[in-house]
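The structure's right below; bear with me while I get my questions together.
Here the chain labels run A, B and C in written order, and each chain numbers its own residues starting at 1.
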Amino acid sequence: MSETATRIDIFKTYKLYVGGKFPRSESGRVYEVTDTKGQWLANAPLGTRKDARDAVVAARAAVKGWSGTTAYNRGQVLYRVAEMLQGRREQFAAEVAAAEGVGAKRAAALVDAAVDRWVWYAGWTDKVAQVAGGANPVAGPFFNLSVPEPTGVVGVLAPRAGQGFSLLGLVSVVAPAIATGNTVVVAAAERAPLPALSLGEVLATSDLPGGVVNLLSGRTADIAPTLASHQDVNALDLAGAIDPEGPGAAAALEAAAADTLKRVVRPAADPSAEDWTAAPGTGRLLSFLETKTVWHPMGI
Amino acid sequence: MAKTKKTETETGTGQPVRAGSLFAYAPAPESPAAAGEIATGYGHFIGGEFVDSSGSQALKTVNPATEQVLAEFAQGTEEDVDRAVRAARKAFADWSALPGSERAKYLFRIARIVQERSRELAVLESLDNGKPIRETRDVDLPLVAAHFFYYAGWADKLDFAGWGPNPRPLGVAAQVIPWNFPLLMLAWKIAPALATGNTVVLKPAETTPLTALRFAEICRQAGLPEGVVNIVTGDGRTGAALTAHPDVNKVAFTGSTPVGRAIAKQLAGTRTKLGLELGGKAANIVFDDAPLDQAVEGIVNGIFFNQGHVCCAGSRLLVQESVQDELLDALKRRMGTLRVGDPLDKNTDVGAINSAAQLARITELAAAGEQEGAERWAPECELPGAGYWFRPTLFTGVSQAHRIAREEIFGPVLSVLTFRTPAEAVEKANNTPYGLSAGIWTEKGSRILWMANRLRAGVVWANTFNKFDPTSPFGGYKESGYGREGGRHGLEAYLDV
Amino acid sequence: MSTLAANAPGAAGGGLSDVAASEATLRRFLHGLPGVDQVGLESRAATLGTRSIKTTAKAFAIDLAISMIDLTTLEGADTAGKVRSLCAKGLHPDPTDRSVPQVAAICVYPDMVATAKEALRGSGVQVASVATAFPSGRAGLPVKLADTAEAVAAGADEIDMVIDRGAFLSGRYLEVFETIKAVKAACERPDGTSAHLKVIFETGELQTYDNVRRASWLAMIAGADFIKTSTGKVAVNATQPVTLLMLEAVRDFRAATGVQVGVKPAGGIRTTKDAMKYLVMVNETLGDDWLSPHWFRFGASSLLNDLLMQRQKLSTGRYSGPDYVTVD
């Protein structure tokens, strides 16, 4: 036994996060993930159309329970995610630094911002209905109330560019969707999926019911069109649809989504210029809500 | 006197009441002349003027109750559309820069003029559309004025609408509206667009262009700046040219789901904001503890209002099995009192089907209902010889798999299905790609809320149906479209937020 | 209600007397009737109120309305002279036009029955008498029965009784039921015939439409020949929605039992336009079977002159004025 021998690190096997479990891709295949300088970081599962299909099934199954959970409880769960993420700050800082090619200090700040974003949306869960809904003073003897409800299953193309895209950007598109009771199937940033796959580990230990968030790594051009055309997906967030053409381009995905009239959030005009550290506002929070208006007569 | 005498012995168990024949209402027609002068031919309204089309094709609009041609109007060409969009673009800078309080005054003026001219507009609408004067007079026109009043008030209060200070308009809005509520849909589209500082190009439906063209006159009376409202007439080709125009910033469409889907595809990859209000196949759910007489009225109002040409019509009656017989007896009795005929008669309940094409579609789907084994029933009623008519019709024994339970008929045809438990009612109600509206009838408050929470529909009417108000957001879930019209929510469709 | 059809038809109260076997069964039955949604009911009544009744239909309806009037005087100041004058008016509402039908009945207090009976003898116009401590109903049963018996003995063809609204509102349904039954018995004449019994609910005091529907069924089961809205002595009298609800009740009662019951809105119906709206409701809710004075009445006084003026307008084309109809 040599006293000078260095310890061999344990590599992490990255897996998908679907239905609260960590499956390998049904394809059994992986692809290489590198840092911004091309250095190999890890192998990520090559999620396929069938993985996307399974994830939609898991997401749909989770809708009833998650949307039926009290807003207060959803807030607690989202806050728990923030707690868990904070506890693994260093790990995520390293992954973000490698994914985005930023320095350690900047990466840590982006992780902190991601933690804070969970906290921001945790607080929104039981307030959004008051902001987005309300009583309508109709001209008649009726009680009339508009309430926002989750749209259902949201397909999310995680950001693939912009400041802080790999974790903060991801959180900025996932958290608002689930805060209001939707469930999501996320196509992680194809070239930088590791923070997303690690986030699955955080979510799995945060009292978040299985299936509420499903994370897939793989080719966006495979996964995104599957989500866009899937008849049991209600909405699409195309934040990461930056391909100028081909099946993963925003126009193609939006056109496919039109077949079932999915609600679509288009990518920014210039996704690479997007600053995910900017205050998010309520845009995404309100995008995956349906307004239901209920009338009832008032009489004796 | 003698003929009103009856002896007390003429009664019997379970004897149904009969529709009256003693007390027959004499015709009470509204005067067609009240519609004002209808020109023999119309061009478009662009840049504040009535202009001729660049093309030579003219379409005809007929009175569906008589099949007589009311007027010819222009088939808008791409060039016409472009001209209108350019006029709207030109007007946008000044209109959007106008203080909200000033924009508001124009909208208030329009609301007032609509009220002043409401009889004229009601009669014109009934002539062109075929809907009963009772509805245009008591429903359409009051709501049109109310919509302009409501959104007028928003024009200088947008800072407080929930999207932060100084929310910006989008620009030029392309608006394509259907034939079932021609002027009301125009109001739903134009009022919020103008209040928020947009300018519009609106295309009315090709079977009902007249009230939109008359509205253009109202814009002139109100002194609305040129180009703020432009009306281009024509069929679906004109609509497609308008929604595809590269210089529009917003497309608002109300109509069928297939056309809405095509527009959504057309706009994929652009930055044009889209709002869609599409079809529906609403469930009207009646529990055995419902206020039955009012439920019957609600069912009738739900499906026979406006000849069933209503996207949110309660076209699927889901009735709890334990009350099915009683409810259907009452419903049939009530349907027997519906007065079908001359839309201009003040006592008409059900008017003419809007067009030959729509009549053919209703006829075809009703035939499919029979072929698939559902039982068809309609009250005896005499239909006029000319014009497009369809008896108020009921299908019983309908299952979820029947076409008449799935497809939007857009006519006075009610499909009756049954359920046993609240959960089954929800499951059947939601088992459709549509999600526009739903009805619930029960005296139990907690069950109403339980049901309302689970129904996937944008409007839920509990112990009422087909109620509309400018303050109340309207719009669908799923394939019934997206975006809301009405209320504070309706502003979002025309703001860059 | 479909279960009711199993009961024997034709019997008094439609064979439903067993539901009044006890306070508990009666309460269960009445509270098991379908609820009434106020907004929906009022909206339906308002829509029917928009019917446009013109020309021949209007002429028919005016005469029908006149023939359905219970021409009423119920004042402390009533005298024999006043009652005789009213009877003369009821017999020949328009002295200048003998084609005008006579009214259905003259409605008076019990002590005026004999006077009215004498004035109307042989005419076919009925004498209706209010009874049972009208209008409040606040008296013991013996007094109510004596009140009724006196009116019947004096020749009343019809008795307009009031229910004890206090008993009804405090849930003592059986007491109300038994009182109606007892008054019905007091309507019997020595020859075995019976004065027709109208039961007044004073719907303005019952407050809710659910109560009106319950009161309607209660009275019909107890043997009422007519159900009547109001005394005309309180703030809220007949309204179109409350009358529509009662029309629905008699419709359903006949469907369930085979027994036909009449309806009488009373109080506040003053214009031809109002009367047209009521007749439209009867027509579209009940049809021909109730379009006769046997089954529908207006409790009114000033309505008659307005109907006469409108009738004159229809026949002459000129608008009439109050000096061209008689004051009685």
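Keep in mind that, in the parts below, contacts are C-beta pairs under 8 Å (C-beta built on N, C-alpha and C of every residue); 3 or more make two chains touch, one makes a residue touch a chain.
Just so we're on the same page, UniProt names per chain: A, B = Aldehyde dehydrogenase; C = Deoxyribose-phosphate aldolase.
Everything numeric in this text was worked out from a predicted model, so none of it was measured.
Peer 1: How is the touch graph of the chains shaped: line, ring, star, complete or other?
Peer 2: complete
Peer 1: So which chain ends up closest to the centre of the protein, judged by Cα positions averaged per chain?
Peer 2: B
Peer 1: Decide which interface, A-B or A-C, involves more C-beta pairs in contact, and give its chain pair.
Peer 2: A-B
Peer 1: Please work out the Cα centroid separation of subunit B and subunit C, and write it as a whole number of Å.
Peer 2: 42
Peer 1: Just how far, in Å, is the C-alpha centre of subunit C from the one of subunit A?
Peer 2: For subunit A versus subunit C, the centre distance works out to 70 Å.
Peer 1: List the centre-to-centre spacing of subunit A and subunit B in whole Å, with centres computed as mean CA coordinates.
Peer 2: Centres of subunit A and subunit B (C-alpha means) sit 38 Å apart.
Peer 1: Can you list the subunit B residues in contact with two or more other chains?
Peer 2: Correct list: 463-464.
Peer 1: Can you list the subunit A residues in contact with two or more other chains?
Peer 2: Residue numbers touching two or more other chains: 140, 142, 297.
Peer 1: Can you list every residue of subunit C that touches 2 or more other chains, as numbers and ranges?
Peer 2: Each of 37, 39-40 in subunit C touches at least two other chains.
Peer 1: Touching subunit C in the complex: which residues of subunit B?
Peer 2: 1, 4-8, 10-28, 134, 138, 289-294, 297-298, 325-326, 337, 346-347, 443, 463-464
Peer 1: Hey, which residues of subunit C end up touching subunit B in the complex?
Peer 2: Its residues touching subunit B are 1-2, 5, 9-10, 34-37, 39-41, 43-44, 50-58, 60-61, 63-64, 67, 101, 245, 248, 251, 254-260, 279-280, 283-295.
Peer 1: Inside the complex, what are the residues of subunit A that reach subunit C?
Peer 2: 140-142, 297-300
Peer 1: Hey, which residues of subunit A end up touching subunit B in the complex?
Peer 2: Subunit A reaches subunit B through residues 131, 134, 136-140, 142, 144, 146, 151, 234, 249-255, 257-261, 263, 266, 269, 283, 290-297.
Peer 1: Write out the stretch or stretches of subunit B touching subunit A in their complex.
Peer 2: Residue positions touching the partner: 146, 162, 257, 260-261, 264-265, 267-269, 271, 276, 278, 433, 448, 452, 455, 457-464, 467, 469, 471-475, 477-479, 481-482, 484, 487-489, 497.
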